[in-house]
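Below you will find the structure I want to go over with you.
Chain IDs A, B, C, D, E, F and G follow the sequence of writing; residue 1 opens each chain.
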Amino acid sequence: MEYIYAAMILHTTDKEINEENVKNIIEAAGAEADDARIKALIAALEDVDIDEAMETAAMAAAPAAAPAA
Amino acid sequence: MAHVAEWKKQEVKELKDMISSHEVIGIVNLLNIPAKQLQEMRKSLGNHAVIRLSKINLMNLAFEDCNNEKVNINGLSEYMEGQPAIVATDMNPFKLYKILEDNKTSAPAKVGSIASEDIIVPAGDTGFEPGPFLGELQQVGVQAKIDKGKIVVSKDCVLVPEGEAVSKQAASTLSRLGINPMEVGIDLQAVYEEESVYPSDVLAIDEEKTLADVQNAYKQAFNLSVFAAIPTKETISAIIGSAFTKSTNVAVEAGILTSETTDILLGLAQAKMLALASEVSDVDGALSDELVD
Amino acid sequence: MEYIYAAMILHTTDKEINEENVKNIIEAAGAEADDARIKALIAALEDVDIDEAMETAAMAAAPAAAPAA
Amino acid sequence: MEYIYAAMILHTTDKEINEENVKNIIEAAGAEADDARIKALIAALEDVDIDEAMETAAMAAAPAAAPAA
Amino acid sequence: MEYIYAAMILHTTDKEINEENVKNIIEAAGAEADDARIKALIAALEDVDIDEAMETAAMAAAPAAAPAA
Amino acid sequence: MEYIYAAMILHTTDKEINEENVKNIIEAAGAEADDARIKALIAALEDVDIDEAMETAAMAAAPAAAPAA
Amino acid sequence: MEYIYAAMILHTTDKEINEENVKNIIEAAGAEADDARIKALIAALEDVDIDEAMETAAMAAAPAAAPAA
C-alpha cells in the first residue's frame, strides 16, 4: 500500500501526483521504488476523485449516519 | 444381416445417417410422454435437435456400426430405459439437458406411478367446507381438522414416500387438493460427444451455484486487488478508501489530531465520558447537574 | 481486473504467477497484454498470501462502487 | 474456480464467453482443460447476467450502504 | 463532566483514580474542586470496568462497524 | 487520549486551552507531559469549535444507537 | 494527515518510524516538514500497535465526519 500512501501525501499537501513525486517519496522512506507499480498507480488514479473516494470510505464506515442527514 | 427384413436394414441406415450427421447423440426416455407433449417438445427444439423413436436392438446395431467413426458411442446402449429414443443435435449437451428439463410440466399423480420424490400435502387451509373429505384425508394419514369453517391440514404430511407407488386413494386425494406432484417430460438419460458419454447426473447444471461462483470470483478478485493494492478501475476507489480508513484508524487509536481526526477524537472523548457517566449516574452526587437528567 | 483473474487462475491451478504465464493467459483471451501492468501485478503479489487476500473482505470499504456503476 | 475466472477474464475484456476461448485460457495457464466442465459452464452462464451478478455481489458485501441509498 | 474527564486521564495514564489525584487535576486546570462530588465519583467508579464502559461507548456510537466487518 | 481529555477539562471549565494549562493537568495526574504532543494538540484545536464538534458527534451517534438497540 | 501517511509508508515497508524518516518523506513530497508535529507523531505512535490500530474501526465511532463534510 506504500504507493497509495505516497499518493495520499501528495494529495493532502496539494502536490501533483506524478511518477517522479511518488518515486521520491518511496525512496525517501528508504524503500525500493518499482516503476511499473508507480506507473500503474498513476494511470489508475487518473480517473478517480480521491476526495470522493475518501468520503465514500468515511460514509461506508458510518452508514448509520445517513438517515440522520 | 443375412435374413434381416429390408425395412430393418433401411431403419438402421437412417439411424446411422442421423448419428453421423450430428456432433451430439443422446438417449431419451419417452415412456409415459403424451403424444401431444412430444409434439410440442419437437416444435420447441425446432431445427436444433431431432428425436427419433426406434427399436432398441436396431439402435444398438446403429451404434455398433458407427463405433469406428464415433469411438465409444456404443456406450450409449447402457442407457436404454423405458421407451428409448435417439436425440441428435449439434447443441451443447448441457444446454440440451437444460432445455428438456425446463420443458417438463407438472401433472396429476397417476395410480401406480412411482414417486420420484416425496409427495407432500402441505399444512394449511384446503378451501374445503367441512364434510366427508375430512375423513378421506384422515384415512390416508393426513392430520386435518376444522378451523374457521374450513378443512385445514395441521402439518406437512408425506403422502407418498419417494420410490413408492401412488395408491388409488392417494391419487384421488391429491387430485381433489389440486396437487400435481408428477413431473412429466423427456428424460435425457445420457449424451455422447467426442468420444465421451455423459450420464444425466453429469449433465445437470446448477445455475444458482454458477451465479454464486461468479459473484464469489468477483469478490475474490476485488479483495485481492485491494489487499495487494493492485489498482484497477473497479478497485482504485476501494484502495484509496482502505488506505484512508486504515490511516484514520491509526491516527484515532494514537490520539493524533489531524484535519480528518479531530472531530472523531473529540466525539469519541465525549462519547466515552458520557458512557462512563451513565455507569455512575445512579450514585447521588457523582455527577454534575447537567449530566443528571 | 483481467490481470487479477489471470493471477487467480494460475494460483488455483498451482502454476507460477510470472510475467510469461500471465501474458499467455491474457493473450489467449484475445486481449492485448500490457507488459507494464503485468510487471506491476507480479511485483505487487510477491509478498502476498493470495488465499488470505482473496478472502479478506474489501468491498464493504467502498460500497459506492456498485451503485455508481 | 479456474473456469469461472477464465469466463470473468473474457467478460472483463469484452470477449465472447465460449468453449474455445475458455479452453484457450485454461491451456495458456498450463493447466488441463476439461471439455465437459467447460461446456457445462458455458451452458450455465447463458442464463446468468454477469454484470448484474457482480453488482449484486458488491451490494451484498456492503449491506450497510443500502439504507444510505 | 470535568471530574469524569479527570478520571479518564488517570485511567489512560495508568494512575490510580483516587480523590487526591482527581483533585490535583481539577485544580491544575484552575478550577475549583468539589470534595463531596469527587468522593461520590470515586465511590461510584469503584465497581465500574472503565475500559469496558468506554469501549461500549465507542461501539454504541458505531453500530455500523459491525455489518462492515 | 490524555491530552484530549485534558483539553476537554479546560473546555468544560471554561479555561483557556493552552500549552501551560494542558501541561499542568497532565503533570498533576502524575504523568509525563510531552511538549511536542501538547503543541500539536493546541495547534490542531486552534481552528476547531469544540462545542460544535461535540454536538455533531452526538447527533451522528444518536441515530446510530437506535438500530443497535 | 500527511504525517500519518508518512508513518504508514514506513510501517508498510518495514522501516523505522523515526523523526528523520518521516521528515525525509514529507520533504520528498515537496512539502514543509514541521519538526514539532513530527515529534508529536512519533511520541503518539510509540505505544501503539499499528497493525492492530489499522484494523480498529475508529471512523465509525464518529460518523459525524461524513455528513459534516
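Of note:
Throughout what follows, a contact is a pair of C-beta atoms (placed from the backbone, for glycine too) under 8 Å apart; a residue touches a chain by one contact, two chains touch by 3 or more.
Since the structure is predicted, the reported quantities are computational estimates derived from the model, not experimental observations.
Looking at A-B and E-F side by side, the one with more C-beta contacts is E-F. Averaging Cα atoms per chain gives one point for each, and the point farthest from that of chain E is the centre of B.
With centres defined as mean CA coordinates, chain F is found 59 Å away from chain B.
Centroids of chain C and chain F (each the mean of its C-alpha atoms) stand 45 Å apart.
For the pair chain B and chain G, the distance between mean C-alpha positions equals 52 Å.
Mean C-alpha positions place chain B and chain C at a centre distance of 31 Å.
The residues of chain G that reach two or more other chains are 1, 5, 8, 40-41, 44, 57, 59-65, 67-68, listed in rising order. Looking at chain B, one finds that residues 217, 219-222, 229-230, 232, 237-238, 241-243, 245-248, 255-256, 258, 263-265, 267-269, 271, 273 touch two or more other chains. Those residues of chain F lying in contact with chain E across their complex are 1-2, 5-6, 8-10, 12-13, 15, 21, 24-31, 57, 60-61, 64-65, 67-68.
Taken together, the chain C residues at the contact with chain A in this complex read 36-37, 39-40, 43-44, 60-64. Listed in rising order, the residues of chain A touching chain C in the complex are 34, 36-37, 39-40, 53, 56-57, 59-60, 63.
Residues 1, 3-5, 7-8, 40-41, 44-45, 48, 50, 52-59, 61-62, 64-65 of chain C touch chain B in their complex. Partner chain E is touched in their complex by these residues of chain B: 267-269, 271-277, 279-280, 283-288, 290-291.
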